[in-house]
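Which chain is which? They are A, B, C, D, E and F, in the order written, and residues in each are numbered from 1.
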Amino acid sequence: MVDVSGKPPTERRAVAEAIVTLAPETISLIVDGRLAKGDVLTVAEMAGVMGAKRTAELIPLCHPLPLSDVLVEITPERAAGGLRIRASVATTGPTGVEMEALTAASVAALTVYDMVKSVDRGAIIRDLRLLEKSGGRSGAWTRPDVPVEEGRRPRGRQRR
Amino acid sequence: MVDVSGKPPTERRAVAEAIVTLAPETISLIVDGRLAKGDVLTVAEMAGVMGAKRTAELIPLCHPLPLSDVLVEITPERAAGGLRIRASVATTGPTGVEMEALTAASVAALTVYDMVKSVDRGAIIRDLRLLEKSGGRSGAWTRPDVPVEEGRRPRGRQRR
Amino acid sequence: MVDVSGKPPTERRAVAEAIVTLAPETISLIVDGRLAKGDVLTVAEMAGVMGAKRTAELIPLCHPLPLSDVLVEITPERAAGGLRIRASVATTGPTGVEMEALTAASVAALTVYDMVKSVDRGAIIRDLRLLEKSGGRSGAWTRPDVPVEEGRRPRGRQRR
Amino acid sequence: MVDVSGKPPTERRAVAEAIVTLAPETISLIVDGRLAKGDVLTVAEMAGVMGAKRTAELIPLCHPLPLSDVLVEITPERAAGGLRIRASVATTGPTGVEMEALTAASVAALTVYDMVKSVDRGAIIRDLRLLEKSGGRSGAWTRPDVPVEEGRRPRGRQRR
Amino acid sequence: MVDVSGKPPTERRAVAEAIVTLAPETISLIVDGRLAKGDVLTVAEMAGVMGAKRTAELIPLCHPLPLSDVLVEITPERAAGGLRIRASVATTGPTGVEMEALTAASVAALTVYDMVKSVDRGAIIRDLRLLEKSGGRSGAWTRPDVPVEEGRRPRGRQRR
Amino acid sequence: MVDVSGKPPTERRAVAEAIVTLAPETISLIVDGRLAKGDVLTVAEMAGVMGAKRTAELIPLCHPLPLSDVLVEITPERAAGGLRIRASVATTGPTGVEMEALTAASVAALTVYDMVKSVDRGAIIRDLRLLEKSGGRSGAWTRPDVPVEEGRRPRGRQRR
């Protein structure tokens, strides 16, 4: 574990993303709410939020941190052939929350798979990656290959 | 949660895989044991094993199950541009362990990212997916696009 | 902890219930999906399911058990002045799942409170109690004061 | 999860209560220390304290917070027909600890039930509710229907 | 993790012990119930029982197992200069519970230390070790240097 | 739980130690990396770090705290007849981290035992104790009987 003793707490945020590739019929089942296991988007978003809070238990060298915000949003995208999962996490602390954002996106993606696996066992979780981070001594970072408009928070959905 | 009351316990196994794409220099740092945070392969394999045991806490509709085997193996592959993570999980129970195998691979991959992120923030976790499962009423399944020789367990490494 | 060594595993089920008393406007906000924190029924049902799986961690003398079914259903009842939460849990094991059913109902009820507390701080969780249990040496038990028709599982909702 | 980024940490406290209704003989067994499972009051108070620390794991949208105080006190009250459980929780943080106090009271109540259920299966957990909170932007709140003298901390018991 | 797939479940038990060495006055404070933090023996016994249930989360290569019995007993022994902690754990499973017994004793001992550290910071946890195990292919084992009469379960205390 | 409301956060550190006594051949197996279960030192150090983060879940009256550093180092010492485990933990908080350091050392020691128990069932965990603490109102404390040179952090190993 990196020793962060004596580092002052600062506001930090990190955003991560994953794609779950699904068969077209599976996307329809999700959008139409016809899956036997229930409301995939709500359940997976919530699982992602809860997963973020378990990061320090799962990742051996992560610092346990209070979190001031966790937001997970899952958007069906037929063009991308699946669901886009975006997780945004914030803290006021001595170290960053990149792992929390990635863990949130990962647990949300695994939950999607669990809920569709009886009808789409071949679904794949792709491209789990950090999109951006801010705060801390190393400052802001944005993944070079992300178009600007993707960085905006989707509107019109309830925050969770 | 699917009601599995009355289903007899049977032996089941599932194998999942993920790839962590890394910069070539990062692969060298890992292989040469020169990363400040320590022995990436051993730590991430162990985190994956521990992660498998937390699956039912993370994935809302997973059944808590006793596990009879969890094996996580991480192999540097310069040709694939990163690390290949393979997780194999077994139980004797009324339902399968696909989610446990996927969770193990996912937590191992996240741990790799955590240990390299100071030198390779752009690393990506790609293609987390089920490779095969056996046991249970639905029987054996193998992902169609996996060449046969990939299905073999690597030799000459300590099991964990 | 009661020593259950040598007791044969048998199929067991327990059903518990709680009522969350809410202001009439709060019930409307929930039913109409207008609460800022999101879909109360789905989130609370899911939290109840996950809570059932943590029972042995929370209750000191509970045995850790594999669970074969957890179902939590929350029904708005204007006549009862709130939400009715019903949790049904099953296992095949040497001891019963009364505590798992009660814990599921309790965590679901607490989650409801968390999601409405900004608009209805005075909400009360009332009458958390076991309704019935079956299986095991002591056999079936039904709470005397529960009318028969309440024992039926609600229809037409997705199972979770 | 409500975004509390940028909110300054302030001292906060919340007090919650539950009643466990028991048969008169069960109260006697508890008071006289004659229950086979042991010292109900001490065990349940301890379980309540530990439960408070798990709140953010159980309640999906709760923020993980450091806690500066958790006190759970259980008082047999023959007049009320059972045990009165009171939980008081404090933090210095950007959000309140109402859910922690309610979770502590809830887990303590469930633990009482677990320890008496072999002799009093019909016991009921009633009236789990917030009594008061202080600190934070919304300031102090006291449940209107609680007589003033109930707000005092019981004396003469060890704090836990 | 050792692969125990296909091994039949059998009844198994393990007994472990630890000694907490304390100043004579500390032993008196515990026996007389005069410590500010409360009833050390009851709280530490209960923490040990709960700790046994967390073994597979703490010890990387331990199998998650259902437990059929956990008993922790703490006995003040002025002659030994402290407290003797004995933990006995049973399962019906494919592998043994030595680690569960040792973890129970260890968590109970740490809890004792936590409750006395303000008055006896120099207390030492000594000689945490397995006393005996039974069941499984390797059969029964008893530590050679334990006198026979120590193997008996203490009488006259409530089981927990 | 001791009420630490209103106490200002200060930097604190605690160091604890344990010895695992092993047969000489077991020490050789560990040092030569010939144990079937893998790299004992790395796995046990990692388990100790993760164990420190679970302290407040295991020890009933411990406060949950953010941790700014956890370092566990295990050194084979043939002269001492085993492995020396040293854990150092830091926080910036209102209370100390003695229990976190002791828990880290304890979990690391238990993990060592788990990995050697098939070849050395009689191994003993001895002398788990606090070596020193600093910070907080009570200030610095060093165990009287520890020679000064033992207090130095070992050099030339990767920090973890």
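In this section, a contact is a pair of C-beta atoms (placed from the backbone, for glycine too) under 8 Å apart; a residue touches a chain by one contact, two chains touch by 3 or more.
Keep in mind the model is a prediction, meaning the values are calculated, not measured.
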Intersection of the contact lists for chain A and chain C: B, D
Interface with more contacting C-beta pairs, comparing C-E to B-F: C-E
Same-site or different-site touching of chain A by its copy chain F, using the half cut: different
Intercentroid distance (Cα basis), chain E paired with chain B, Å: 34
Centre distance in Å when chain D and chain E are each reduced to the mean of their C-alpha atoms: 29
Gap in Å, rounded to a whole number, between the CA centres of chain F and chain E: 19
Residues within chain F bordering two or more other chains: 2, 37, 43, 46-47, 50, 54, 57, 60-61, 65-66, 159-160
Chain contact topology (line, ring, star, complete or other): other
Chain-to-chain touches, reported pairwise for every pair that qualifies: A-B, A-C, A-D, A-F, B-C, B-E, B-F, C-D, C-E, D-E, D-F, E-F
Parts of chain D lying in touch with chain F, wherever the complex brings them together: 11, 13, 46, 49-50, 53-54, 65-71, 90, 92, 159-160
Residue numbers on chain E that touch chain B, as the complex places them: 1-7, 56-57, 60-61, 63-66, 93-94
List of chain C residues in touch with chain A within their complex: 36-39, 42-43, 46-47, 50, 158-160
In the complex with chain F, residue positions of chain E that touch it: 2, 18, 37, 43, 46-47, 50-51, 54, 57-62, 98-99, 102-103, 106-107, 109-111, 113-115, 117, 121-130, 141, 143-144
